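Below you'll find a set of structures to go through.
Presented sequentially are two complexes of chain A, the first with chain B as partner and the second with chain C.
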Partner chain A sequence: MRKKQKIVAALMLLVALHLAILLAGFIAPYNPATQNRDFPFVPPTRFHFADARGHFHLRPFIYQWTVRPEGFNEYEEARGREYPVQFFVRGPEYTIAGLVRSDVHLFGVEGPARIFLAGSDGFGRDQFSRIMYGGQISLAAGLLATGISLFLGLLVGCISGFYGSWIDESAMRLVELFLVLPWLYLLLAVRSFLPLHISPTQTFFLLVAVIGTIGWARPARLVRGIVLSAKGRKYVTASRGFGATDSYILRRHVLPHTYGVLLTQAALLVPQYIVAEVTLSFLGLGVSEPVSSWGNLLANLQQYNVLASYWWMFAPALALVIISLGYLKVANAIHERLQSDSI
Partner chain B sequence: MTCAHSSCASALLRIHGLTVRYAASQEQSSPALVGVEFDIRRGETVGILGESGSGKSTLALSILGLLPVSTNITGSMLFENKDLLQFDESAWGTVRGTRIAMIFQDPGLSLSPVMRVGDQIAEVLRAHRPGPRKVRKQQVEAILRDVGLSQGDRIYGAYPHQLSGGELHRVAIAQALSCRPDVVIADEPTQSLDATRQAEILDVLREVNRKFGCAIIFITHNPALLAGFADRVIVMYAGRIVEEGPVPQVFRQPLHPYTKGLLQLVPASLQDPDRTRGQHLPALPGSLSHSDRSTRGCIFESRCFARTELCQSESPREVVPEEGRRVSCFNYEN
Partner chain C sequence: MHRWGCFATLLLACGHACFASSAPQPPQHGEDLLVTDNQIGRYGGTLVLAQRSEPKTLNPVTAADAPSREVIGRLTADLIHINRWTQNTEPALAKAWSVSNDGRVFTVKLRHGLRFSDGQPFDADDVVFSFQVYLDENVHSPQRDLLVVGGKPIKVQKIDQYSVRFTLAQPYAAAERIFDSLAMMPRHLLERPYKAGQFAQALTLNTPPAEIAGMGPFRVKQYIPGQRIVLERNPFYWKADRSKNRLPYLDELVFLFVGNEDAQAIRFQAGETDIISRLSAENYALLSKDVATRGTDFFDLGPSLEYDFLVFNLNDLRSKNLDSIAAKQAWFQAVKFRQAVSSAIDRDSIVKLVYTGHGAALWGNVSPSNKLWTDQMLPHTPYSLDRARELLKSEGFSWRSDGQLIDRQGVAVEFSVITSTSNAQRMKMATLIQDDLGKLGMNVHVVPLEFRALLDRVFQTYDYEASIMALGGGDADPNPEMNVWLSNGGTHLWRLGEARPATDWEALIDQLMQKQMVQLKYKERKHLYDQAQEIIAANVPFVFLATPNILVGARKNLGNFKPAILDPNTLWNVEQLYFIPGNGARPGEKP
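What follows is the complex of A and B.
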């Protein structure tokens, strides 16, 4: 029972994170590209309940960060005025999924103060907003590439397992070839062949296509195994004996067996592909500025002074870890469920 | 070889010199079927009798073209004068399920566990007789009634695991009958059922045969099931037909030593348990081994009680001792 609760918790966490990232415009208080050149590398805003005079406030409030006079990029709180945190405030306009336009944000503070939940980057852009919007790119890349991989894997696996003979042989040798390729270097090689300076949208789809077409081998092999066992079942022979065609047998009697494995593979591939996108963007081969993705957010850490001084710049990594662990937990749960079913 | 029947010309299904060799056993040269030939006429009931490994199921699968692609098949199978062995997949589609259908062994495994049984019957109809869904459902319920399942609604919506063994067998029969085929092959349709259910299933098949006039090929290892059910019996041993004839004659006066042995196995004296108590049940000595098939001489020689020296060196030819019967045994030559 406790195990089941954990799985449900992991699933709910995943759903909540995806929803939040889908609704990035609403959750994030600012436009991810808006710069505040006066506030580079501001640490995360602190929330207070008690003000300087010792009064307790039910509604949390923040102080505006100001540059410490003698320091470089060092900040202190200006205790002069409290800015209470407000919910459903009007702010910069945004669209959700290209459909809904709005300017209501989940939370915010009155100007001129700014709320930096996860600090700001070198241009003073709100990192929390950038993580939310960057998540859209990273998650979409992971999900789309997974879709491509599973589609190719299902196609090759079904054909290979169902028709056998030389088709099977050659497809499986191709699978082995793809399995032994070191995917990171392959990605780098493929990416380096392609033009470097193209629009972020083009880069995104290129990235997705490249990642997706490399990972089809494992699902193909797994699907083939399942198709092989499914087509040997007695009811498949019986169905053929009643006049069923190949395509009917594939559709009605073979494909349903592959769903479980496809689901597990999906849950494993999504985090793997998110990491792949992050890796490429981190190395500067993926989505480039000003569009944010978790990879190019982390790329800030390539500068030593950022790595050493501004710990909040690791925040995108935290998002990546949470989402990956969530997916792996769910993959594990599906896998165990399938195992117990087959016994 | 000659045809044992005078009515050859009118045969619906004519199997001639059918030899089946599974690819794996090619080197051992022990084919699953050797020179099998027989006729099925319209509307008749033929029993195929033999122990496990005698090639009964291979025969059934070969009639529907369901043997693996790698299998080596020679001979001919004329169905309405068209050779089924020359058929390609699309031609098979016009025969399987609609002209020749099979009641598969073990309905628990030959029905998909994830589809409602009613839909599985309806799918056969849909494949061969396109029509509106509603009509199809009524047809399926009518067929279910024909095989003695009166609660059509409950059966239609049930999954295989929700039905009893007897109900599953009836569903399998209904599935085979859905398109009113000319030939129904029943491969051990009463296996794993108790004696009362066996009798019920036989009744259903007899009724179906009478009502729809479809020929039934009934494959079994139990001679008792054929008595009073089949018109003719074909006895198989090690992939060959050793004896054929009308059921009453063969059962009253079996000719081949193997048939004699098989018929002795039926415990005849069940009504008189005192007489048989403490006695061993009769059994055929030896077993059907693979070496029997490759050696020269009669295939049954090693287990035969009437063997002679001739049996070791030569294999017997088929003889026709009387009209409508044939047997492969030296005891009846000349």
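What follows is the complex of A and C.
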């Protein structure tokens, strides 16, 4: 029972994270591209309950950061005025999933103060908002690319396993070829062939297509194995005897066996592909400025001074780790479930 | 007995090593040494510094990349040298020179009794040979252009063993400055490969050290590909301090190849290198925080002579099959469009965010630190979106309801800016400019490219719309910059390969520049150059952005360290550098 609770917790966490990232516009207090040039590399805002006079406030409040006179990029709190954290405040306009337009944000503070939950980057852009919006790119890339891989894998695996003979032979040799390819270098090579003068949206879809089409080999091989074992079962022979067509047999008797494997594969591939997107963007081959993704957020850390001076720039890595662990937990659970089912 | 044998072997080994390891030779009779007025140092020590990349060649005539030139500069010497500190010319291998009244004939007297780093004598034949090579079109020297004055190459004649005459086709302003950094090469080693047409292959990194000789303070000792190049003292160097100690003081000079600027900073922080030049502002801020603990000093020398700029592609694309770019050139060609872009860029935030305040905003090509040549009257267009909008409106641009800028035909203004991925500062500038121009309703894409790919697009294929680049920094004098400003120049970036000036203002710049090049009087020359600067600023072929300060660091115990604005900022007086004993020794081990 405890195990089940853990799985449920992992699933809940994943759902919550995905929902939060889908609602990035609502949860993020600012537009991710808005630069506050007076506040580069501001550390995360601190929340206070007790003010300078020692009075306790039920509603948390913040102080605005000001630049310390002697140092560049060094800040201190301006204790002169408290800015209470407000909920459901009006701010920059956004759309959710391209459908709902709104300008209400979950939280915020009155201007001119700004709330930097995860600090700001070198242009004074709110890092938390960038992580939320960047998550949309990274997660969507992971999910869509997984979809492409599984679809291709299912298609090739089914045809190959079901029809056998030379189709199977050639498809499996192709699979082997794709399995031995070093995917990172392949991604780099493929990406570098593509045009550079393209908009961030186009880059995004190219990225998804590239990642998705490279990873179909493993699911294809797994699906083929299942199709092979399923098509040899007696009820398939029986149904063939009753005159069932190939497509009927595939749909009714063979495909349902593959769902478990596909689900496990999906749970494994999504984090892998998120990391693939992050890798490409980290290397400067993903979506370009000012659009954020977890990869190009982390790319800031390539600069030694950022790595050494501004710890909050690691925040996107935390998001990445949590999401990946969640998916792996779920993948593990599905796998165990399948194992126990088959016994 | 056995022990004595060992000792003898040791002595022999030492004797051999001392001979090979270039102990400074005592001054010879009749040797015309140049006496420097630096603080008297102590012999010994190895100075280590890191380069971003490996030098490509040791050939002074064909080298074009900065790492090669940095190493070659320590191996070679010139006749007349620009003192990096005073920015004036001073005698080097030439003891003295005289100029004819018409400013066309230079007679140069060489120092007597000097020797190359392999011990062979240096005289007028070597000078004549060196210039023959530099001027040979088949050798393709990047410096050749400077030696062609008034369309004709400089004529070089030997008068006697120690004097040479240079004849120019027309008077040339600051003519003695062109001798700077022209390496005098050993005829006895290089004449044969040159005659065989193999000069370009004669001095590579793989050439055995014994076959390389120069007049510089150091000579090659060892090269390990991918790791480092080790230089040792030239025992015959032609400079000495006031106590007749032959320079250089240092035994060895080591250049490590570390890959990038961050790696340079890390190596310096770890104490593995002694000097760091051209620190980025961020790393300067980071490293100078722990000055106290590490025994290092950091220097902000003020704005460099370099200028960062945004350039629009105005090249003639008719033969290039680049229709989509050609269509956008209608915007770029409008002066008001470029002026609007210039007004909309917030230079102060570039200085603040990119250079963390260690830089200066620019509106022209001459840095404020170039006191002799900067035009004090040059207008500084203030950052003003309103002015930018007005300029665009008067040029027929308008705005859609969503704020997008459109031209007369209703086409949305959208273009890409290419920058080099290897330069984090320019990438940052691109993001700031993207945001600034976004406020004008321009849709700007930033495209980071590998540096070579970027150069290829800008110089060869013209397949780009706009680019952020940097130029300058060589010399304070305007003349080396002429290949940028003359319409037929090889670095006339915005419109390359022009047979004649495409616009009136470019023709005017050509005229002014040609005039100042032959004007010998500083005041008149300055007046002409000021006019040219004003025309450049008004027509905005480059949108000038900013210039970084020169930031350097060095061990506290490095004597005679005097960093300068001019390149090479820290090594220009390397022969005078020495380690002050017992004072803040380096914490790390030497590699």
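As a convention for this text, the second predicted complex is superposed on the first by the 343 of 343 C-alpha atoms of A that agree within 3 Å, B and C clash if a C-alpha of one lies under 4 Å from a C-alpha of the other, contacts with A are read in each partner's own complex, and residues count from 1 in each chain.
Just so we're on the same page, a residue touches a chain if its C-beta (ideal position, glycine included) is under 8 Å from a C-beta of that chain, and two chains touch if they have at least 3 such contacts.
A quick note: this is a predicted structure, and the numbers were derived from the prediction, not measured.
K.L.:
When the two structures are superposed on chain A, do chain B and chain C clash or fit side by side?
P.N.:
By the criteria stated at the top, chain C and chain B fit after superposition, with no clash.
K.L.:
State whether A:122 touches chain B only (first), chain C only (second), both chains, or neither.
P.N.:
second
K.L.:
On the A-aligned overlay, A:233 touches which partner chain: chain B = first, chain C = second, or both, or neither?
P.N.:
So A:233 only meets chain B here.
K.L.:
More residues of chain A are touched by which partner: chain B or chain C?
P.N.:
Ranking chain B and chain C by residues of chain A touched puts C first.
K.L.:
Taking the superposition as given, does A:138 touch the first partner, chain B, the second, chain C, both, or neither?
P.N.:
neither
K.L.:
With both complexes superposed on chain A, which partner does A:37 reach: first (chain B), second (chain C), both or neither?
P.N.:
After superposition on chain A, A:37 lies in contact with chain C alone.
K.L.:
A:160 in the overlay: touching chain B, chain C, both, or neither? Say first, second, both or neither.
P.N.:
A:160: touches no partner chain.
K.L.:
So, does A:305 touch the first partner chain B, the second partner chain C, both, or neither?
P.N.:
So A:305 only meets chain C here.
K.L.:
Applying the document's definition of touch, where does A:289 land relative to chain B and chain C: first, second, both, or neither?
P.N.:
So A:289 only meets chain C here.
K.L.:
In the superposed arrangement, does A:199 touch chain B (first), chain C (second), both or neither?
P.N.:
The answer is second: A:199 touches chain C but not chain B.
K.L.:
What does the superposition give for the shortest Cα distance from chain B to chain C, in Å?
P.N.:
55
K.L.:
Spell out the part of chain A that touches chain B in their complex, as residue ranges.
P.N.:
Chain A residues touching chain B: 233-235, 237-246, 248, 252-253, 256.
K.L.:
Along chain C, where are the residues that touch chain A in the complex?
P.N.:
Checking each residue of chain C against chain A gives 262, 265-266, 280, 282-283, 285-286, 346, 349, 352-353, 356-357, 416, 421, 424, 428, 430-432, 434-435, 445-449.
K.L.:
Show me the residue ranges of chain B that touch chain A in the complex, using the header's touch definition.
P.N.:
On the chain B side, the touching residues are 61, 64, 66, 89, 92-98, 101-102, 104-106, 109-115, 123-124, 127-128, 175-176.
K.L.:
Which of the residues in chain A end up touching chain C in this complex?
P.N.:
33, 35, 37, 40, 72-73, 122-123, 196-197, 199, 284, 288-290, 302-306, 308-309
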